[in-house]
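Mind looking over this structure? Questions follow.
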């Protein structure tokens, strides 16, 4: 047997709240999604006025960050033309997002889920995702 | 010009909270999703232990209830073999759910979004969705 | 935090071996797949001569059994015309299989994965899946 | 009539075992998949801790290597912007992988299947795939 420690709904909400606070601070409404250790959605929120096309992107940025245990911003560099993973973005039925805004959630050295943010510039999404991760307070 | 009155994120969260309370009362963890007047996801929550296959179903029950301005339980009757809308469940790229748990959200005679619940029996999902709708307090 | 105990690759192989033995006994080559607690594939084997269309079905029967913590044979009854979950088979991007051959793997009261078998009749697939589950020896 | 010489399940397992040994040696858990002469999955294994997003990629690297009878690393060069096959990665419903880790399996001058590895860097995937191919011992 293996053990997959995973974020709970309560933790996912704290993470989303942390992201929202940052988003309000910089005045950019976004979508924020959290997936668990299995890559499956735990919670999602679209702030009023955020892009509807970003619902899917926020969920899939979170999926991607967990699927490859890497931030999507870092993956981006490897997914460009000429780089070692160019073309990865068409795998997994179009769920792999290769631009900034998805970050794995870690606890005691293991990836226990991931957060995905979409709706602003790459820099804004990344900053909001970082604030979301910073709000992660693993219980016990 | 048209106006699309639509649930806000804050209202969506009240709705989800109302559903969760009922789900806890009957001891059945579920997924709860709220879409806006455009049929697009506003917020989603998967209670700890709820089925992962129900993430998609909760979101799409909400979509369906808004897409046709009808509860999915009511649509079910019309979507059976021999009934007038049989086959509708393969339209919209598999997003049309034809069993109970999706209910439109109404305000002043207009559909302003919908809620979708998945994770229990059809009866449980329906009861939880009704509790969610009952928690809807349109601001102003 | 939540904990998702999950089958290991070694356990998945024992499970597949158990299924294969039964399949050889009844002379029916099949596909056998095992998914983990997150619904993601751990291992798959297609016996020589088994249907190629059953690759997808075996993987998705396993997914379905974990996604809803239910055997696909049991789900079948609820997914027929007039039953409470009719139409569920179009959800999850066509990954929900509503006929026999998928069974959840349980350990200490929790679903830790699932097995899916496809290639024979419903009865054969079910018998092979049961043999596969019976071969599950959780480590520790 | 034509004859499609093709890897058997037993051979696929030897191939996967060869890949796993190399993966353990370099300390990089990966997904390893083998497809037959028809491009259809014969066997797959995800080593404990390997990326879940690589399930799909390993299977599709193997598919790609057989679909075009070329290693995916070699195809990569032809699939870059400006090269003769740029855009090929969106064909075949997103199954064409254009980065290293997929290698055709040959026997007596014919391609009889392919192996796909995903989970490490491009170099690691390639080295593991080569070790997998080296373990291929065609029966008779």
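A few points about this structure:
Going in written order, the chains are labelled A, B, C and D, and every chain counts its residues from 1.
Convention: contacts are C-beta pairs under 8 Å (C-beta built on N, C-alpha and C of every residue); 3 or more make two chains touch, one makes a residue touch a chain.
Worth saying up front: this structure is predicted, and the values here are computed from it rather than measured.
In a homomeric contact, the two copies may use the same or different surfaces; for subunit A and subunit B, over half of the interface residue numbers are shared, pointing to the same surface. Across A-C and C-D, it is A-C that has more C-beta pairs touching. Measuring from the averaged C-alpha position of subunit A to that of subunit C gives a distance of 30 Å.
In terms of their C-alpha centroids, the spacing between subunit C and subunit D amounts to 25 Å.
Shared contact sites, meaning residues of subunit A that touch two or more other chains, fall at 2, 8, 38-40, 93.
Residues of subunit B touching subunit A in their complex: 8-9, 13, 38, 40-48, 52, 55. Taken together, the subunit D residues at the contact with subunit A in this complex read 48, 51-54, 56-57, 60, 76, 79-81, 89-90, 94, 96-100, 121-123.
Subunit A contributes residues 2, 38-39, 63-64, 66-69, 81-82, 84-88, 90-94, 96 to its touches with subunit D in the complex.
Note for the complex: subunit C touches subunit A at residues 1-8, 11, 36-40, 93, 107, 112, 138-140.
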